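In the two assemblies presented below, chain A is common to both, partnered first by chain B and then by chain C.
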Partner chain A sequence: MNVIRRLWRIRSARVGVVLAVLLLTTAILGPMLLPLDPNAIDVRARFAGPSTAHWLGTDDLGRDTFTRLVHGSRMSLFIAALSALLGTLLGVTLGVITGFLGGWVDVAGMRVVDLFFAIPTLLVAIGIVALFGPSATTTILALGIAYTPLYARLVRGTVVSVRSRTYVDASRVLGARGVRLLRTDILPGIVPIALVQTTALLGFALVDEASLGFLGLGVQPPDASWGQMINAGRQFIFQAPWLTLIPGFAVILAVFSINLIGDGLRDALDPRASQRVGDT
Partner chain B sequence: MSGIGRPLLELDHVERMFGGSWLGRLGGDNVVRAVDDVTLSIAAGEAFGIVGESGSGKTTVGRMIVRLLDPTAGAIRFEGQDITRLRGGALLAYRRSVQMVFQNPYLSLNPRRRVRDMLLDAYRIHHLASGRDAEERVAALMEMVGLRRTMLDRYPHEFSSGQRQRIGIARALSVEPRLIVADEPVSALDVSVQAQVLNLLRGLQEELGLTVVFISHDLRAVSFLCSRVAVLYLGQVMEVAPRRALVERAAHPYTQALMGSMPSLAPGSGITREVIRGDIADQQPPPGGCVFAPRCELRRRLGDPDRCLTERPWPRELSEGHAVACHFADAEARPDTDARPEATGAAAGPTTPTTPTMVGISDPTRVPAVTSTGATT
Partner chain C sequence: MSRTRTARLLAASSALALLVGTAATPALAQEPAAGTIRVITVEPTQGLDPAIAAADASRTLMTLIYDNLVDFDESGALTGGIAESWEPNEDLTSWTFHLRSGATFSDGSPISAADVVWSIERMRTSESLKGALANVTSVEATDDATVVVSLSAASRALPLTLSRGGNAAILSQAAVEASADYFAMPTVTSGPYTLESLAPKDRAILQANTAYWREGYPKTATIEYIFSEDQNSWAAAIESGAADVANVGYNDAQRLREAGTIPVEQSDRLTPLFWGFDTTTPPFDSKLVRQAIAYAVDRQGRIDACWFGTGAVTYGNILRPWDPNFVEISTYDDSDRAASLAKAGELLDQAGWVVGADGTREASGVAGVEDGTRFSVSVPYEGNWPAAECNTLLLQQTLKEVGLDIQPNKYDPAPFWGDVAAGQFQMYHGGAGATDSDDLYLNWFRSGGALTPLTTHLTDPEIDAKIDAAIAGDAETAKAIYAELEAWQADELPMLVTGYQWPQVAMAPGLEGYYSIPDTSLKWLANATITAP
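Moving on to the complex of A and B:
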C-alpha cells in the first residue's frame, strides 16, 4: 500500500517502526529464547544488582528482572493490542451505525456515548474491573470498552461528513444504498482516521495497562506484565528503584515508538500529501 | 422545437423550504424558500435549460428531480407518475431512468475508486450485466464519452478536469437513462475544455434521444444546448420560452437584463450592457408581490406601480410555449436598446442606494466555440 511507502519516507516514523519491530520480536521470540523461568523464586538472590547471571538484577523474590521484563512485554503488548482492537471494533461499529443511519438511532446512541464520555477513561476501566475482578481478560475488556465512546464519536463525525460528499450523492443517484454504499464510499473514507486513532489507542492502552497494574487492578501475580511489575516494585521504590524504573522505561519506549508511528501515519495520510504524491 | 410529444417530466407547483424545522426556528434560523411554486413541463427528447443567478434554486430543483431532495410541497411526475414518494424497488427503477451529472467532477468522483469500479456500479446495483458483458459495456461507455478503455484502471486524480467530467457523464449514461439532469456541468472545468464537454453533451443528447435538463448560470451555454429555457429568480420561474423566443423577444425584465449582459446575443452593440441593480440577496422582496420588484428596471420605468408590490405575478402565456411572470411584460415586449442610457442614468440617481452590479454572466471570451465532440483533453 502507498501509505506504508509514504510512512517509511518519514524519518521519525522509520525510527518508530524499527523500535516497534524490535519490541514485537522480543515479545514474541524472547520468552522462548531466555533460559530462566520468570517465576522462579530464589530467596538467596533477593534485590541483586546487575550481574552476568542477572543482567538487570532481581526483585524481592529473587526473580530475574530481565526475564520478567521480556515475558511481561508479551503480556503488555498483547493486552494493548487486544484492547485497542476491541476499542476499534466497538467504536467503529457504533460510530458507523449512528453516523450512517442518523435519526433516532443517532440521537440515542450519542446520548449513551456522551454519558460514558463524561467519565474519565480510567475510571470507566476501574469500574469494569471492579465488576469482574482483576485479570488480563478484564483489563482488555475494561480498556476496550473505555476507549469506545471517544472512538465512536470520532467515527460518527467522519461518517456524517463523508455521507454528505458529492460522490456519495452520485452513488445514491445510481441506486447505491445501505451496505453497498458503506463499502464503496463511506468506510474507505474513514480508514485514514481509524488508522491514526487505533495507533493512538495502542499508546493509551500501554499506559493504562501500567496504571491499572500500578493500582493492582491489572494482571495478577505471579504473571508478569509491565504494569504488574511496576506495582510489585512500588513497595521497594527506595530500596530497589530499578524494579519500577525498568518496566516504566519499557512502557515509555513502547509508547514513544507508537507515537512516532502515529504522527508519521497522520502525515502520510494527509490529503494534501496524497495530492502531492498521488492517492491510493 | 417546443412541445414535442407528451411531457416526460412535470414539476407541479413544486416548493422546497430549508430550515423549516421547529428546532431551527427556535435557534433563530431563517426559513429559506429555495424553490417557490415552480411548475414546468419537459417533453421527451428535449434539451431543457434552467438559468438563474447563484442562489436562485437551480441546484435544488435538480436535486429534487433526481430524488436527492424531497419537495416540501407539490408533485414531480415522471411519465405521469409522482416520484416524490417512491421507495424501495420503485425508487430503484426510477434511478435507472433519471441520472445526474454533477457540477464539480473533482468532488463527484470518489478519489479512492478506480474508474472501472465506478462505472461497474450501475450494472451491479441494477443487475444489468456481469463478467465480460459488463466489461464490454464499460469499455463502450468510455469510448462513447471520448475516453480510452485503457484508462479504466486509473484513479480520478490521473485525469484532467474535462476528462473527469466525461467520466461523470459516462457514469450517468451507464444505466441508460431517459433523462439526465446536468447541473452546471462545465462551470468547474478549465475554460479551454468547456466547449468540448458541452459539445459532447449535445452530441449524446441527439444521438441517444436523451432528455436533458441543463442547469446553468450562463445563458449563453444554455442557449447553445437547449431548445427551451426557464429563467429562475429567487426560486420562482420568471419566464419560460423556446430558445428563439427568448433570444429575440425576452419578455421579462429580468431575462432582458440577463440578455443585455450577454453581448454575443444582445441586439445592438456589444459594449452597452444592461445592468441589474443590487445583488440577488440584497433586498428582501416584498411579501405577496413580485420577487423581482426591488431590482426591476421596467417597474421603475413605469413609475413604480403598486401592483408589483401587492400581487404576485403568476406565469401567463404570451404565445405558444412562452410564459412570463410579470404584470407588465407586454408593455415592452422587446429589450429596448434605446432606453439603456436612460437606465444607466437612473442607476446613478440619488434614489438608488445600491451600486449597479452585473448579473453573474461570464465574460465574452467564454463563448463556447463549436468544435469536434470526440477530442479528449
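Moving on to the complex of A and C:
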C-alpha cells in the first residue's frame, strides 16, 4: 500500500493512472455500451465526417470509426497485457533459474538469451507469426516469447546480485535452502524491478502490436485493433488521414500513460527516489 | 492522358502494328534505345514455365520474354507474331501458319518450324492449354517456314488460343532440352526481352533482346521488374519516381486522376470478378445455395466501396453488353434489395439451411451434413489485393443478412492459386482476364481449359461439346450457343460472376507509347520509351 500511496503522490504518475483507468474502462465497458456493430458495413456512408450518428466519422466501408476504435482498444490492450504477462512469466522463470542455480545452467541459459539478443525483438516476433500464421493468439505468443530474453537477462542479474547479499547469507546460515530461500529472500528482492519492467513491457507490447498490425501480421480483418486500423487507413492516407491518425493517437496516448506509470513506479519503489517523491 | 491524345496514340499505333504485322521483317542485330523502365508488380508466383503457370502474376512477366505465333494489337485484334500470316482450310479443320522469315531466339539461333511444332506439341499436353488444344490431332512442318495444325473438329479459335500471352509461348527446343532447370532461369527466349536476373522477393532484370524480329523494338534497353506485395504503395512509388508503371489501387487511381499529375489509363477488356465454389461438397454442391448467394450479394455496393465506382455490374451474364454474343440476363437484378434477400432466404430454406437460434443458418436434412451444423464458411482472398479484401468483407456483411456466416481469410498470395487448383477452398474470391467469348468459354468452362481449374472446375462433356460447336460455327451459330451457355451458367452457377474490374495503370509522365491492356499487357512495354521527367 505504501508503494501505491507513494505512486499517487507523483503528479505525472497520477496523470498516467487516470489515463490508464479511462482506457481500461473504455476497453472493458465500451463494447458493451456501444450500439453499433464494429464490422457493420454501410456502403452509402463511406468516409462520412463526424456526426451525432458517427462521432469520429466512418471508414472506407462505412464502418463507424469510434466503435471500431473502442473495440480495437479491447483487442490491443488485451494483446499487450497478455504479451507482457507471458514475457514476465517466461522471463522471470528463466532469469530466476539461471541466476539462482548458476553453473552450467546459467551459462547455457544465458548463451541462448545472447542468441536471441542478436535479433531485434520485432523480427523475432515477425518470424514466429510467419511460422504460425497471423492471429491475435499468435501475436500474444510471438511478443511474449520475443520479450523473454530481455526480461530473463534483467532478472538473472538481479537474482545474482540479491543472492550474495548479507541477509540471504544469514538465511542460509539459519538453514534456508532451495525453494524456501527463493520464496522468502530472493523473489521479494526482484519484485520492484519486475513491476517496473512489466509496466515497460506493456508499453512496448502496445507499440509492437500496432507494428505487427500495420504490417498485416497482427489481428486479421474484419476484427479491429489499433494496429490493424492504422494499416487499413494507410491506403486512404490522402483522402481520409483521420482513419490512420485517430488509432495512431490512441496508441500514443496509451503508451504515454503506461510510461508515466512506469516512471512513477520506478521512483516509488526506489528508496532513494522515494525521499524526493513528495517534491515531484 | 486526354481522350484526343489517346485516340491519336491508338491510331498511330494501329497503323504501326498493321505495318509490323504484315511486312516481312528480317531480324537484324540492333541496339535498342537506352533507358530503364521500372515496373512494380507482384512476383510471378507460379514460375515461368508456360505449361504450368496460368496465373496472371506469372503470365505478365512471361509475355515479355516469350513470343507467340499470333499476337494482339493495341485494339485487341489478332495480328502477326512469329507467324507472319495464317489461314484455315475451308471447313476450319486445318490451319496453316507461315512463319516470319529471319525470326530468331535471343541467342541468334533461328526460330525454326521444328521449334514451333515442338512448342505446340508441348502446349497440347500442358496443364495450361491442354483443354483449349484438345481437338488438335497433329502438328506438322511442311517446310522450313510452314506449320500445319490439324484438328479433329472445326475451330475458328485456334489462332486465338495460340495468342494466349505467356502460355502459348514459342520455345527453343534445343535450349529447353539442354537443361532440366531451364524454366528456373530461361535465358534463350523468343520475346522482346531476355531475363538477365531474377531474385525472389526482390526483382527481375530484363534486357532487350537484340535479335528480336521486330526491327527497332524493344525501344527501351532494360526493364526492372520490381516485386511488391503491397499494392497500396505502388501509386506512391510512381509519384516519388521510384517506379514508372504500376497497376494501382482504385482509390489511388481516383486520387491521381483528380490531381492530374500522373497519367492513369483504364482498360475495359473483359476481366470478370467472381466467387469460386467447391461444387462437389456441401454446402455449395447445392445449386439452390449458390443461387441464394447470387441473390444476396451486393453487386453495386462492391463497385462503390471496393472499386471506387469503376468497372461494371452483371446480374447473370458474364459477357459484357458490347460483346457481339451478349444477350442480357437479369435474373439476379437486386434493384429491390429486400425482395432479393427474401428470395435468397427462400432458396436457403429449400436447400435445408434453416435459421438457427442465433440467426445463423443450420443444416436440417441436408444430404451429407449433420443436422444442426452451422453454415460457416472461410472465404480466402489474395492478401495483396486490397479490393478483394474489401469485397470479401462486404460479402461477410451482406450474407449475414440472410444468416450465412462468412469468415474472410486473408491468404498468402504465393500459394493462393495453387491451392485453388488443388481444391482446398469451399468458396474463394477470384478475378482474371479473358479476351472475348471464345477465350472465356474455352479457358474458363471447357475441361482442361487454362483457367478452368481456377474458376469453374468443370469437366462436363456436354458443355465441352457446346463450346466446341461454338468455336466451330459461324457467327450466328456461335451467338446462339453462347446465349445458351450464358443462360446455363447463370442458372447453374459453377462460379458466381458479379461484375468486371477495369485495371488502372498509372504511368510516369516520361513514359510514352505504352498501352494498358489488362493482365498480360506488359508486352506493350516493348513499344514504350522513357525519358527523365
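Keep in mind that, in the parts below, the second predicted complex is superposed on the first by the 272 of 280 C-alpha atoms of A that agree within 3 Å, B and C clash if a C-alpha of one lies under 4 Å from a C-alpha of the other, contacts with A are read in each partner's own complex, and residues count from 1 in each chain.
The working rule: contacts are C-beta pairs under 8 Å (C-beta built on N, C-alpha and C of every residue); 3 or more make two chains touch, one makes a residue touch a chain.
Bear in mind the structure is a predicted one, so any value in this text is a computation, not a measurement.
> Put chain B and chain C onto chain A via the superposition and say whether they clash or fit.
On the superposed model, which is not a single observed complex, chain B and chain C fit side by side.
> Given the touch rule stated above, what does A:I41 touch, chain B (first), chain C (second), both, or neither?
second
> First (chain B), second (chain C), both or neither: which does A:T166 touch?
After superposition on chain A, A:T166 lies in contact with chain B alone.
> Should A:R180 be classified as contacting the first partner (chain B), the second (chain C), both, or neither?
A:R180 contacts chain B only, not chain C.
> Quick check for you: in the superposed arrangement, does A:M32 touch first (chain B), second (chain C), both or neither?
Neither chain B nor chain C is touched by A:M32.
> Could you look at A:P188 and tell me whether it touches chain B, chain C, both or neither (first, second, both, neither)?
first
> Give the angle at the C-alpha centre of chain A formed by the C-alpha centres of chain B and chain C in the superposed arrangement, rounded to the nearest 10 degrees.
Superposed on A, the angle at chain A reads 140 degrees.
> Looking at the overlay, what does A:G216 touch: chain B (first), chain C (second), both, or neither?
Touch status of A:G216: second partner only.
> Touching A:R234, do we find chain B (first), chain C (second), both, or neither?
Only chain C; A:R234 stays clear of chain B.
> After the superposition, what is the least C-alpha distance between chain B and chain C in whole angstrom?
When the complexes share the chain A frame, the smallest chain B-chain C C-alpha distance is 48 Å.
> Do any residues of chain A touch both chain B and chain C, and if so, which are they?
Comparing the two interfaces on chain A, one with chain B and one with chain C, no residues are shared.
> Which of the residues in chain C come into contact with chain A in the complex?
232, 249, 251-252, 255, 298, 301, 304-305, 383, 386, 389-390, 393-394, 396-398, 408, 410
> Once bound in the complex, which stretches of chain A touch chain B?
Touching chain B: residues 165-167, 169-176, 180, 184-185, 188-189, 275, 278-280 of chain A.
> List the residues on chain A that touch chain C in their complex, please.
39-41, 43-44, 46, 60-62, 134, 216, 220-222, 234-236, 238-239
> Could you pull out which chain B residues touch chain A in their complex?
Those residues of chain B that touch chain A are 63, 66-68, 92, 95-96, 98-100, 102, 104, 107-113, 117, 121-122, 124-126, 155, 157, 168, 171, 174-175.
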